[in-house]
């Protein structure tokens, strides 16, 4: 009883905005391993939150919890007014409203680019094929590869594949986009083309949570940066705060290594 | 929970509806006889190039069909392997099994079969090379004997030579043809099966004159149709069709002269052929049933001669399988 | 001054026929000796086989029993029915072969089948004249199908339905509809046999496919009850040999259903055993494919909002199955060969007919019997089909890029 | 307050059909219920059906007398033994064929796989044809082919087997070769064997520890193995010192049957009773002063064609007898027809001929046709044997067998030629003396002391192999087919494994100066083995399961025996259950081995 648990760092969204994601007291274990510890985070509509931290710090797990790719054991996650509970319907609702971009693209190799993109709108949103294809082409155009629609993913470069993945997520019309280290698996010369798309997206006002090591991106478009270590949120602040005057020793150590 | 069990029980019962009527009615309603036969025993059951079943056993299936259904061709032959033949009768898969199966106590009781009148009196014998020096069973001491697996011959062999304290090496085969070629190639000194089988395979050996069938008979092998235990009417039908073929030969009635025999003054013949209809109807058959059997398939002698007689390559002597009037065992009870 | 040296022909022993021979047969004294010894061996064996086949063997019983080999006891006057089913099958394959101009594998398979049909047609002309018209019809149907395929490639889209129709109509054509009457009278299954039965049993691979997929998915299920039941089924079935399952199914299926076994003809029992057995093996093949699909695929699909079934059927299975097509073809070849085991339940398949023919009184009259001839005949035909399938499997493997990692 | 916030607020009630936690449970409950229902229905149906047909549904019949003769029995068995023992024999026979088959298939498979990659085109092609041909023909067809078409007709018959070097005999009954069997002294050796095994275990553990601690490489296996061999060898010598025969060891030998059983006369009544145990593998010497055997000429078909007018006595070798003389059973008739005897193998095989060209020796074409002489029986011949002496090791049932001799002179009045050199015996024409007396048949059987093991040689006293280890032609045919079929698959796996070893590995080894064969055996093959082993083990399992095609070759393994038992008892369900359980046991054993292998391979990789 005498053990006083240190109060967890709260990463609350700036007041005045409309919170679209609210995470309270999130805890998660893999077996005995406590991966996420007392995470409190909220994100406002239109906000771009960048999550950084050493590998194994729980960043990916955190955003995977948001669309229930990982199941959490304690705490609440509310996305756009829907709480992630054991209710199958809620899970489906949340997934529909969040788009996700993976480190390894995860395009479906047996489908063409266009089929990759239209699959979910047709099957989940029940759009007509023509409608879905029209939207798909719109977003392909937007990510800058309209000419690749009929190719298979295997025929594209990594950067092109990741842009297809972004277009695929966008076509569903999500309210939130989750990026899980979208550029880590890319060759250095094509990272730029993916980041460009993400920057454009941010500037259009998309709500984004981005796990990344691209500090340039964080500095340019991030509204808030969250530093995580050992499953905890260590420090929260504006990009300027981070890159100019980090407060915690661990943050400093991490940043000195990667910058 | 109790309700569920009840539903379960009802469903189980529904699955297990017993077969209500007797086999005879079943066969008549079906319009065909299901007959279990052998398809790899030349002379008794084989399939010719035209796809027709041929043989002594096979013709008795046809006789029964002629009697029960009026059509000798209304038979559905089910070729059975030695392993599945009894199961096929027990499970009702065949109406009658005529597949060189020996009538024994245990088969008649524990295996759930009923054997009707034997159609072929056989005995287990041995074939040896004439020069083998084997003259008595004791000479098999230290020798090898080919035998087919899963048959009574296998059991008899072990019984009889065991009782004589003769130690032999059994060489076991799954099928008769394999066995015969092995014997012919000298893999064993002797070969044992029913004497009819020995006789029917003797001409197929490389040099038939180098072999002989020993005198010794170590078993009684009455071969006959078997039906499922517990259906007396069907049992009677099969039995009396067989007896009719015996009686017809005894009275000299053949398929050729059966029409003339309808005029016969012999009351036995008249009753058998349905001229005086009561007896045959008593079996649950139409009055001309046995007449049809003889008309379509002939009497016992005709069936025998077609497949095993002197004009065939097998030429098995009638021996015990002659009418009792000629010293054989074929003896039909009277048609009274 | 730089000048390109003009190419010169390779010295002897490097290129050309002579070079090939030297490299592959006589590269060293030891190799030469090996060549000579094996060469003599091959020539000796080959010559003795040919001489035996031409002079010593008696093939008469093989030709005389063509009907048994083909269909066993299927009524002679109704042979047009299986032949029509065969013709329809060949025509459908022909359409596929003709339309898939780019699909070398399918076309190759088609022409191999045509070659086989042509071979049988010749045999029929010589030894089985009553069906020569039927066989010629099958040949014609194949070619017509091919021509249609070439002319109207779009027909291929309707083919899945055509195959389903073929399956049902084919069954009814083989089996018949009305007992006894003139129109398509019923041919009971116990009269089916020969190569036709081998092919029918071979189609057990078709129902085993969905069953195997279901079992594989069940085995990978997170729900323990489903997982253990499926795993148990797969392991138990795979643990024992097919011949035992055939025997057991023949004995036990009628008991299990407590029914008159005549409602379950032996063919059906064998078919059930073959299908379930094949399904267990199929499940393991499919499981291999499922394991090869990265987890990210599922996650991406779920993140897009696809449901569990949608993810499985649209994303995971198509990839998994594509990866295991060669394995499945391999399994099909195995099943084709394994149909020969139905002798244990008294069925007269292609292999079993040899035993039946060998035991005809007519065969016994040939000196020494007719055995080697019969076995060689069936072995060659089995080999033709199995080998052709294995070639196709290899081509497929190459096409899919499996095994060229 | 903050603590309270950490707990999620109680969520609104979720309908159970939408709750992820309950959906799974629900699905399983439904699934299990359906399966259980199915099982209950099947079991009830089956019990009903069995009851109606009055068939056994339990295992009580396992103890009844089987009455099934089995040709090959790895453990003692007679038809009077119960069903369970017959089934056990079947199971052991399955293991027997699988064990040997696995080894042979591996050897041939590796050879073929390597041949597939040979530089010689012809060799490569033969291997390819071998693999493709055998993989694509049903095993059933291959078994029947080997059995019916190859093994049965081609080899020589049992009464004239081919004798291969080392006392190995081959005929169409099968193969027999000398074998070591444990004797009554084996027990004395067992402690030494136990110590030897313990020495290996302890030694290896010790050397392993040493290897771990020491800097220099330590060879783990040689020393412990050497020690074990020394202990076992020394123990054998010690155990052999005392060779005293067990008390009351006796043999009841009936010479006219040519059979005796070695037993221990426990009750001391001098007669073999039911309580006197038989003594297996006892070493004996059978001596017979003078006796006779008879035979007749016959035409036999061998692989080369028909051989006419041959005679064959039970196989008696020159080293068995002081002297043996073959004469015509009816010398007068033989003399009248000018018949003579030509030995092809002294003293028990030969041809009867007429010396038409008068050169005093047999010339092919001079054979007589026995049928034209005396009808069925051919020409009768008598062999008189003097000083028969043979070392015979009793078989597993304590049985000692010799030819069934007759008293000399009983068969006829033999004309005896006392030849100095038995190999010069030419025929009855050389007869000088006629005897009319009957020499009584007396055998002297000496039981010999023995060490822990005794070498049992093969002999052919009648028309079956005695002694040694015997493999029937059924076994050989099934083995041949299984081995050849499986080796084709293993060959293909081996080829794939070798090709899968990175080309760089080979190049690196060659660059280090290793020869081509060293490169293969030291670098490529060990790596290929790791790729190859798991699929090859599953081929081993396939071979084992495929042995159930034994009905096609008449070999009494598990499946064959089980089908016979089912047919005799009607116990479909129990037999099916036993079969399934047995095969599962085998499969799990293989899976167990496979797991161990996989674990070890994984360890090596780290």
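Here the chain labels run A, B, C and D in written order, and each chain numbers its own residues starting at 1.
The criterion applied here is as follows: a contact is a pair of C-beta atoms (placed from the backbone, for glycine too) under 8 Å apart; a residue touches a chain by one contact, two chains touch by 3 or more.
Because the structure is a prediction, the values reported are computed rather than measured.
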Chains touching both chain A and chain D, listed by label: C
Steps needed, at minimum, to go from chain A to chain B via contacts: 2
Central chain of the complex, centres being mean CA coordinates: C
Centre distance in Å when chain C and chain D are each reduced to the mean of their C-alpha atoms: 36
Cα-centroid distance, chain B relative to chain C, in whole angstrom: 39
Chain centre separation (chain A, chain C; CA means) in Å: 51
Residue numbers of chain C (touch at least two other chains): 247, 251, 254-255, 257-258, 343-344, 371
Residues within chain B bordering two or more other chains: 15-16, 83-84, 87, 91, 181, 206
Multi-chain contact sites of chain D, meaning residues that touch two or more partners: 45, 48-49, 148, 551, 563, 566, 572
Chain pairs in mutual contact under the definition given at the outset: A-C, A-D, B-C, B-D, C-D
Complex interface listing, chain C residues touching chain D: 23-25, 27, 31, 34-35, 38-39, 42, 222-226, 229, 235-236, 238-241, 243-244, 247-248, 251-252, 254-258, 333, 337-338, 340-341, 343-344, 351, 354, 371-372, 375, 378-379, 382-383, 386-387, 390
Residues of chain C defined as touching chain A within the complex: 294, 296-297, 299-307, 310, 314-315, 318-319, 322
Residues of chain B that touch chain C when the two form their complex: 15-16, 19, 31, 34, 39-43, 46-52, 54, 76-81, 83-84, 87-88, 91-93, 175-177, 181, 201, 203-204, 206, 312-313
Chain C-touching residues of chain D, taken from the complex the two chains share: 24, 27-29, 31-32, 35, 42, 45-46, 48-50, 119-124, 126, 132-133, 135-142, 144-145, 148-149, 545-546, 548-549, 551, 559, 563, 566, 572-573, 576, 579-580, 583-584, 586-588
Touching residues on chain B, where the partner in the complex is chain D: 8, 11-12, 15-16, 18, 82-87, 90-91, 110-112, 129-133, 138-139, 141-144, 147, 149-150, 154-155, 157-159, 162, 167, 169-174, 178-179, 181-182, 185-189, 206-207, 209-210, 212, 229
